[in-house]
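Below, chain A partners chain B and then partners chain C, in two separate complexes.
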Partner chain A sequence: MVDEPVIVIGAGPAGTRAAQRLVQAGLRPVVIDENDRQGGQIYRRQPANFHRPPEKLYGTEAAKATALHSDFEMLRPHIDYRPGTTVWGVSEAGLMTVHASTVDVVPFSRVIIASGATDRIMPVPGWTTPGTYSLGAAQIALKAQACAIGGRPVFMGTGPLLYLVAWQYLQAGVAPAAVLDTSSLATRLRGLRGMASRARVVANGVRYMADLVRAGVKLHAGIMPRGIESSDGGVSAVTWRDAKGVLRHVSCDAVGMGYGLRSETQLADLLKCEFIFDPCFQQWRPHVDRDGRTTRPDIYLAGDGVLLRGADAAEAAGQLAACAVLRDTGYAVDAQEILPLHGTLATMNRFGRGLAQAFPWPAHLAAGLPDETVVCRCENITAGEIRRAAGELDAPEMNRAKALTRPGMGRCQGRMCGLAAAEVLAAARDVPVREVGRLRTAAPIKPLPLNCTVKS
Partner chain B sequence: MPALFRRVAEKDRKAIHLFVDGHEIEAREGDTLLVALLTRTDRLRHNEFDASPRAGFCLMGACQDCWVWTEAGEQLRACSTTAQPGMRITTTEVPWLMNR
Partner chain C sequence: MTAYPTQRMQADVIIVGGGFMGAATAFFLRQRGLSVILLERDLVGQAASGVNFGNVRRQSRFLGQLPLANRSRDIWVRLPELIGEDVEFVMSGHILLTTHEKDGARLEKYAVDCKPYGLDLTIMTGDQARARFPMVGPDIRTVSYSPLDGHANPRLAAPAFGRAARRAGARVIENTTVSAITKSAEDFIVETTTGQSYQAPLLQISSGAWGRAMAASFDEDIPFSTNGPQMGVTEPMPYRIEPVIGSSSSVPEEGVYLRQVKRGNIVFGGGLRTVANLETRRAPIDPFNTLRQMPHLATLVPEMARLRVIRTWSGVEGYVGDHLPIMGPSGKVPGLFYAFGFCGHGFQLGPGVGATMAELIATGSTDIPLEAFDIRRFG
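== the complex of A and B ==
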């Protein structure tokens, strides 16, 4: 019998450390990376012909980024690395992948999914206007391509990334017009206890805010977004209600928005891993034990793709998932290796939960979205349509609502709108969001080229 | 049309040329298609349902909002495709494959 390989999906911090640990044990994993270069999002690499030093790109995390990148380069001869390759489905024979327009089936013995996360989005009227991007996008433009999304951007949402990106823009010579945060100073104080487990990270965040204030950038807390205004087809202003309820307005030419992150869980769903509702993060995620084992014996998860704890935790979780694979397939792994990793993750858990408390997902905004607000970007489905599904069409959960009025039916399969659409549906039915469930995943999870050829 | 994106560094890269809707544009080696286009213009395509302009959203291959097409009819995600010299891109979907 031919031994099928262990597959690692994703080559960010979790995927890299997982692959490294498997190689240490003498295995030759297949590493499937959707990006053209290893690094993931936080440690995303610029194209080879760019020259900015790591300190410019990764700031305080430059040493970690450099270590992760160079460790991966050393792994290259020992792994089957497949960059630019997307896993889009699952069959009896293995994972279905596509690279350029070539489709392949990759058999596996075990899979570690380290697919990361995307920005968590709460729609706002006008958010489909060109010039409006996710916070992650604003950061990628700068980090990977040395571009700003505009000359006078507003950053709106909540969470640490809001201040980090605003600060990075400031450093790049693009002063934000404002930073608008839905979290209040009171919620941030409540989260501080959990966040205190990583004082250095908190200190960095405070420094970003202080630098922004010193540069004259206005930081507003406890805001309620009203809309992104446009003229001549582009962004011209953002309107919001301040903490006192006063309607305010700031001119700008771009918006970066995001409300924390959402785990990219579609592959775990296709592989039929069981999901649970996480009340802290207010989202569904695959059920895992503390080593990353799912409810399926051959599938493991690591990194932000299962629990939102950031890049440092992802490195530990990747190594742990690899150790779990090794133990479960008969390799010896010393308990002395596992214990400190569990310890690291316990700290990261406290911190992650503190963050979620400090910068809570503003679920309440969904109820107030005007009916004509687009929620699903792909299919142009409005909040009003979802409310029609909730009421007149009596859809009790997301998949029914999707079948009746199409939110989440488009090319992104609800990656951008799914969580917000669930909030709109739940609010319209006056039930807790967990009761409306989550969108089921269907293959292909990303569009396939029309002219695919099958690899023989 | 005004440009959405502005370059803040890495400006001295080699120039390359590609064609967008039949017009030659200059870009820089290492640009993604999204950057090559949005440093020149303010949209990538139009939404299929209401024809409103769109210019991408997530830049990490998740939102599928930044599709452009080659003149041969191939769909490309502008955020994750590197611009190549001589590429011929259209910002409207061609109704059938022109090369076949």
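== the complex of A and C ==
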């Protein structure tokens, strides 16, 4: 059995179910959560003094959200919960965390990383204009701040979150000016076969769209974004080409933007787990077995942080990863528990890949970005600079391009721009995106206060 | 069809190792008209040359190294006309700060001793320094100011020399691992893991921390260790720290240094190093070293305390036992030259090493004194 604690990083659906399963086995895991309250992103909780009903916040998923929240509350006495805490590095002594400006070292026997995902961003001219948010940020504003990003927002990008967020805004009394999706209807139909494995979820999506249409919100498919326009320092309009190639324009005061999700994999990289390229999602991700074991015997992964399958899959994957930890450390786990979880995840895999087919990452847009478009917003690096790295400076891969022209070198360490920058580099060198590799992770994963104190 | 052996590629000089030293030597050899093949295992300037602090500093160097450092400084100033890029070189000045009295005395003595070598330093009290450089902290006692030193971007410098060498006609071959170096009666034969071989009467080994093993294969062993510097960078703040700032403490942990780049970020390093791995070609950052650096950085520049660190890194650096590089001809093999093991202070020297090695290789001699760096000192 184990001396040092098992650590769960993240308290969304995957982290919560992982912690719950460990507690069931009699362990007392450390749960490290970057957020101030448990719930993760999709089931993000309101601050204690906010009161909007779960149905308005989480729609059809309200029951799941409240179950996850109340289950976690019951776990609280049995876990070492550390909210508002970021794992920023790794040392021989354990995980390096920071809470406010206090650094702590957390030794571990095993770690389950359930760090979730963030929006995947494809830059567009004007996207750094104040008033432009990621879809996730637009959701956080609503759930955790009880405010909207604007009075007439445009939601642009692709993927189910596009419609969910637009619908959530509608529920909050803010009618979107338009929903612009780069995926065409024909493409979506092609992905439907994989998605059919979860008819209820598809039906929910269709319902969100129908509600939006009924409320007079225009949904446009197969669009090509042209730019976000500004006046008086804020967003004023979005321009795009419609499916027929006609240039269109819609006035708005904010934009929520996202092209599917990207797994948050920096911790797995820092812990030296091996990565593979996933052609379906067009992303590098840590290699895991079906229980969530990485190539490193003490590190496990669960949830969207390793494979984009959504919240339901995350709950199953979290429980599975905990079962794997238990088995690998000498606890008995009944095969009857594992089998249905594998079954669930197989369905989710088909669904997740169907979704990726239906709402594909529009990689082709990178090649057409004007040179002056900012790609890396931390360092203000344009597509043209990355192309200079690709050409004149002869950078064959992302880390070299970063060294020579700085994309991904700023505060976010490439979390926002990394995948798009790789597409720009690959397009400029005319090679498949996997050949330009991925940005290596360096500590601190998130900015670390210089005046921090180390807890003794 | 009969398979014929691949034709051997020939040149006047083969350089093994495309760091700053190798790339600069290749460039200057082309300026002297010699044909050059530069072999680099990864990409030019990726190892120690690309991960260091970027100090273009002469003060506090071993006095016998100042002629080389002076030559280098003259080239730094001329980079745009020479290689077409400035690699963000700024002649910002360099200040060394002390908090302990005995360290101050050491600075004062060095300022006198370096004068004959053409290095003019100004010694200031803490108050004088704070009047001239307002960002300097209240605990600083004695300051040594070197106005003509500065800093540059190490990620750009060696690759820029590599490209300039290529434009000048050098064959710069990247992603090529040398598997064997042998010497026939006349020529060196360098073989690579891809089965290619290269031939030249003259050979320079400038493969950094990996140079020691190559020298040992010619029966020239030296005391040597590999280390990883502990570097980091903060988020940007308005540009107001002009000079490079270093602590001149005799306590290793306190020996930190920093520079602000024009875009606002503060690059820092120093303190304790970690051990580097020659096999994996990686050197880990020890996060505790970063944490230990922080209070000392804030002692030098208190304003830094309100910033956040956004990135740390390290790399593989080679350190010779007496902390001086290996530079000059082999003591055993005619036609063989060394330029490696620059002990964490090679960046400023890069251009000067290139010019001096090219001169030495092309003409057989140089006026720059290199005896102190001769590999035979350990023989």
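Assume the second predicted complex is superposed on the first by the 454 of 456 C-alpha atoms of A that agree within 3 Å, B and C clash if a C-alpha of one lies under 4 Å from a C-alpha of the other, contacts with A are read in each partner's own complex, and residues count from 1 in each chain.
Convention: a contact is a pair of C-beta atoms (placed from the backbone, for glycine too) under 8 Å apart; a residue touches a chain by one contact, two chains touch by 3 or more.
Since the model is a prediction, treat every value here as computed from it, not as a measurement.
> Pick one for A:Gly233: touches chain B only (first), chain C only (second), both, or neither.
In the superposition, A:Gly233 touches chain B alone.
> Which of the two partners, first being chain B and second being chain C, lies in contact with A:Val103: first, second, both, or neither?
second
> Taking the superposition on A as described, I'd like to know which of chain B and chain C A:Gly410 touches: first, second, both or neither.
Both: A:Gly410 reaches chain B and chain C.
> For A:Ser251, decide between first (touching chain B), second (touching chain C), both and neither.
Neither partner.
> Now for A:Pro449: first (chain B), second (chain C), both, or neither, which partner does it touch?
both
> Return first, second, both or neither, reflecting whether A:Ser70 touches chain B, chain C, both chains, or no partner chain.
A:Ser70 contacts neither chain B nor chain C.
> Which chain, chain B or chain C, is in touch with more residues of chain A?
Counted on chain A, the partner with more touching residues turns out to be B.
> On the A-aligned overlay, A:Leu393 touches which partner chain: chain B = first, chain C = second, or both, or neither?
After superposing on A, A:Leu393 lies in contact with chain C but is clear of chain B.
> For A:Gln24, decide between first (touching chain B), second (touching chain C), both and neither.
neither
> Kindly list the residues of chain A that each of chain B and chain C touches, one partner per complex.
379, 410-411, 447, 449-451
> Would you pull the chain A residues touching chain C in the complex into a rising list?
Per the touch definition, chain A meets chain C at residues 89-91, 93, 96, 103, 379, 393-394, 396, 400, 403-404, 409-411, 413, 442-444, 447-452, 454.
> Okay, in this complex, where on chain C does chain A touch?
Touch residues, chain C against chain A: 43, 46, 50, 155-156, 159, 163, 234-235, 263, 285-288, 290-291, 294, 297-298, 304-313.
> Which residues of chain B touch chain A once you look at their complex with the stated criterion?
2, 4-11, 13-14, 29-32, 35, 38-39, 42-44, 47, 49-50, 52-65, 73-75, 79-80, 82, 97
> Flag every residue of chain A that touches chain B in the complex, lowest number first.
Chain A reaches chain B through residues 34-36, 41, 46-52, 56, 86, 101, 118-119, 128, 130-134, 136-137, 140-142, 144-151, 172-174, 232-234, 254, 264, 377-380, 410-412, 415-416, 446-447, 449-451.
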